[in-house]
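First the structure, then my questions, so here it is.
Labels for the chains are A, B and C, by order of writing; each one numbers its residues from 1.
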Amino acid sequence: MMKIKMRKLLGILLSSILVLSVVGCGKSDKSGQINLMTWGGDFIPREIINQFQEETGIKVNYKEVTSNEDMQSLLEANPDQYDLAVVTDYMVDILRQNEYLEKLDKTKLPNFSNINPGYQGNYYDENDEFSIPYAISTSFLLVNPEGVEKLGASPITSYQDLWQEELKDNIVVIDWSVEIIGLVLKSLGYEYNETDPTKVEEAKEKLFALKNNIMRFETNTPEDSLINGEAVAGFMYSNQAVKGQASNEKLKPVFPKEGMPIYIDSFVMSKKAPNKEAAYRFLNFLLQPEIGAKIAEITNFSTPNKAAEEYLPESFKNNPMLNLSDEVIENTSFYINVEEVLEEYEHIYSEFKMR
Amino acid sequence: MKKFKQNAPAIPILAWIGLLVGVPLIFVVVLSFLSRDNLGNIVFQFTLENYKRIFDPIYLKVFLNSFLLAALTAIITLLIGYPVAYFTANLESKKRSLAIGLIMLPFWISSLLRTYGWIILLGNTGLINNILLRMNIVKSPLSMMYKFSTILIGTAYMLIPFMIIAIYNSVDKLDKSLLEASSDLGASKWKTFFNITLPLTIPGIAGGFTLVFIPSLGLFFISDLLGGGKTIFLGNLINTQVTKGRNKPLAAAFSVGMIILVLVVLFIYSRVTKDNKEGLF
Amino acid sequence: MNSRTKKFRTVYLSLFFVILYIPVLSVILYSFNKSPSTAQWAGFTLDWYKELFNDRVITEAFKISIQVAFLTSILSAILGTATAITSMYVTKKMEKTINGVMILPLLVPEVALGVSLLLFFNALRLPFGHLTLVLSHSLFCVPYVYIMVQLRLKEINISIIEAAKDLGAAKWQIIRTIIIPLVMPSIITASLLALAISLDDVVISTYMSGPTSTTLPVHIFSMMRVGVTPKINALCTLILVGTFFIVGLSQLVSRKSRKEEEFK
């Protein structure tokens, strides 16, 4: 008797799980959704996505990736599975050259005019046909001056200062060959993504000298190490530095005179996108002034939306990390020709890590 | 003919597994001999370039690193796990079931949770440092994260149930009369252990070693979460080449390298347990 | 074993189990911490759990994990049992071959397997999502089902089958009315095991997920890299409870069947 009861119970349990999962399956209607590729960590704020979904009924599916090259691989393998991707400037150029991108129909984007012309007409999309800028950021140093002093090191004002012996095991950096080698190149007074063999060799040697000072490689939350005191200095993206300072007032930004990178993360549409109409609606939605301002506030990125600027709070406009001064902007440059140097830089970086 | 008829039903099953496991593996082996162009697309040109790259001193270091991690993990789990298995096998029945249950339970707990626990314990603002600081045992937090030893702890912790169960099976099957005979003949406890128990449990040790060594090579999320990105392991290398590096043939070559490493371990295992009826398979 | 050894044994085992469970207990403990950082304990709260239920991405990932695990479990049960029963009817040599082929997926480190499948499915231009997830999960779940069912099959008293044959039963009849009911407890236990394994998989799922189907562990993994808050602790704790539920269920089933065996 018990055996039968047990079986029945199990049967009911299992079939209810089955029913639940099938019912859940049926909700997604092919015509009312878009597939997105984005960075992790609320890069496109959950709040904004929810608002879009509520206003239009279009479901937003997204896959989080950790690198531009990842996005490139995914787009190449399944161009008809994704509608939009948010990629960094140099990747727009690569995807454009490889003909994966849809030329955008501006008539479907009435809010296009809200974009700040200062962030348009760049090398990767001179006629602004393939990309819609979403977020502007840079990277620089975030420092704990008290912590630096306690270690007996001199105050950090430039990249060069990171090589001080006293800073052993006390620096956190974002984990990418191009960024770290770029930092070293700038400290030597060279350009980003240098290809000249003698200069690269010089940078390699200097890079190796930095190994002992680095406590941690972390691309997603480097500011955490500064907040909890594991590290006294870090090289990270502007939005991470903003978060860091918000959690710990003692942390201060340092804009190295040697130069900084600038990143424009933009939306691009796959040529074979399955839901183009819905994708246009999403892009247009994001380009609204109030939405642009909200995005900037939540993500801590500078906004490329000129019309959004009047909706930004004072605290935003007064923050030198978010409202970059002209002096700082003049000193920034893009990472061009990443594809050309990637393999060699990755090799150097691997050697660096294995020391 | 009769044999064929008898074996016929097995064909669809073998076909299924063969298709799903065999074909991707063959695919990977073939891919490792191909080259790629500048855009990262695969070009059907035979080359040994990828395998030559493996012998690049840096990549060899990575292989060595992973091998070291796997070997140390196996050794640590052996040293800690053998006594656990031995003592458990000698417990009275009720306590023994409880102990076995407790040993197997973590196996059911999410591997991410088990790794995350160490982040909570070992961080600068983690539980251990909190206690040490509050009790004034140390003045400033101990830096325990992002080291090779951190990854070692995480991996050993994840895989020790395998080692224990493998050894336990062996100890359990020991013929008690042999042990009794040994002590009757006047051998001390330690002598009995080293001369009888240990040799007889070698199949279990070999099995445990294999069961711990092989997964250690591939659990890259542990080195990701606990290692702070400071060293590169084989799993990370393969992962990076597929995604960031955009060099699928190279990733394939590394994967083949990893599989060869596994085959070597399995071969050693089969040699060690050659004359034994028991063991894993 | 003398009393001194016994004492040492108790100490060693107790110490071992304490260390074994401290990491898990810490995760559970801090899921109730008011402060988002482990640096201080700010009081008891259930807020993080509440946040979980409002997080649509997590509930979505959870749904997908359950769907995949469920389908994997069924597929593995069918394939594993079919193979195990087949292995009983073929020649010894063939049985050994099947054993070897079955074990194969478990021997390849997950990274290598995941990458192989990724490249393979890519070449076939398969869309990444539920299909690829279920196929790849089944790959390493079927062996477990196979092993467990085969073990049980070997325990069946061969005379029952002989008797049925003598009474004129066809092979299919024997399988349907005798063998399957006898191994059913093993099939159920093995299916639950497959369920648990599929739910927990991180490495292979990382490679096999698509834009609309990210499994829960993959999502948790990216959560852990992006920002460590007690929300993750709460999520892990809930998963723990769910897994224990499944384990408890399988224990009940196997214990029930064992009790019945004793009565026979």
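Keep this in mind: a residue touches a chain if its C-beta (ideal position, glycine included) is under 8 Å from a C-beta of that chain, and two chains touch if they have at least 3 such contacts.
On a predicted model such as this, the values are computed, not experimentally measured, just so you know.
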Category of the chain touch graph - line, ring, star, complete, other: complete
Pair joined by more contacting C-beta pairs (B-C or A-C): B-C
Distance from chain C to chain A - Cα centre to Cα centre, in angstrom: 36
Computed distance of Cα centres, chain C from chain B, in Å: 18
Residue numbers of chain C (touch at least two other chains): 37, 39, 225, 228
Sites on chain B at which at least two other chains make contact: 123, 125, 242
For chain A, residues that touch 2 or more chains besides their own: 66, 228
Of all residues in chain C, those that touch chain B in their complex: 1, 5, 9, 12-13, 16-17, 20-24, 26-27, 30, 37-40, 79, 82-83, 86-87, 89-91, 94, 97-105, 107-113, 115-120, 123, 135, 138-139, 142, 196, 200, 202-203, 217, 220-221, 224-225, 228, 232-233, 236, 239-240, 243-244, 247
Chain C partner contacts - residues on chain A that touch it in the complex: 2-3, 6, 10, 17-18, 20-21, 24-25, 28, 33, 35-37, 40-41, 46, 50, 61-64, 66, 77-78, 81-82, 220-221, 224, 228
Chain C residues within the chain A interface of the complex: 37, 39, 55-57, 63, 66-67, 70, 122, 127-128, 188, 209-212, 214, 222, 225-228, 249, 252-253, 256, 260
Residue ranges of chain A touching chain B (in the complex, touch as defined): 66-67, 69-70, 72-73, 76, 98, 169, 175, 214-218, 228-230, 339, 342-343, 346-347, 350-351, 353-354
Residues of chain B that touch chain A when the two form their complex: 38-40, 58-59, 61-62, 65, 123-125, 141, 143, 145-146, 228-232, 237, 240, 242-247
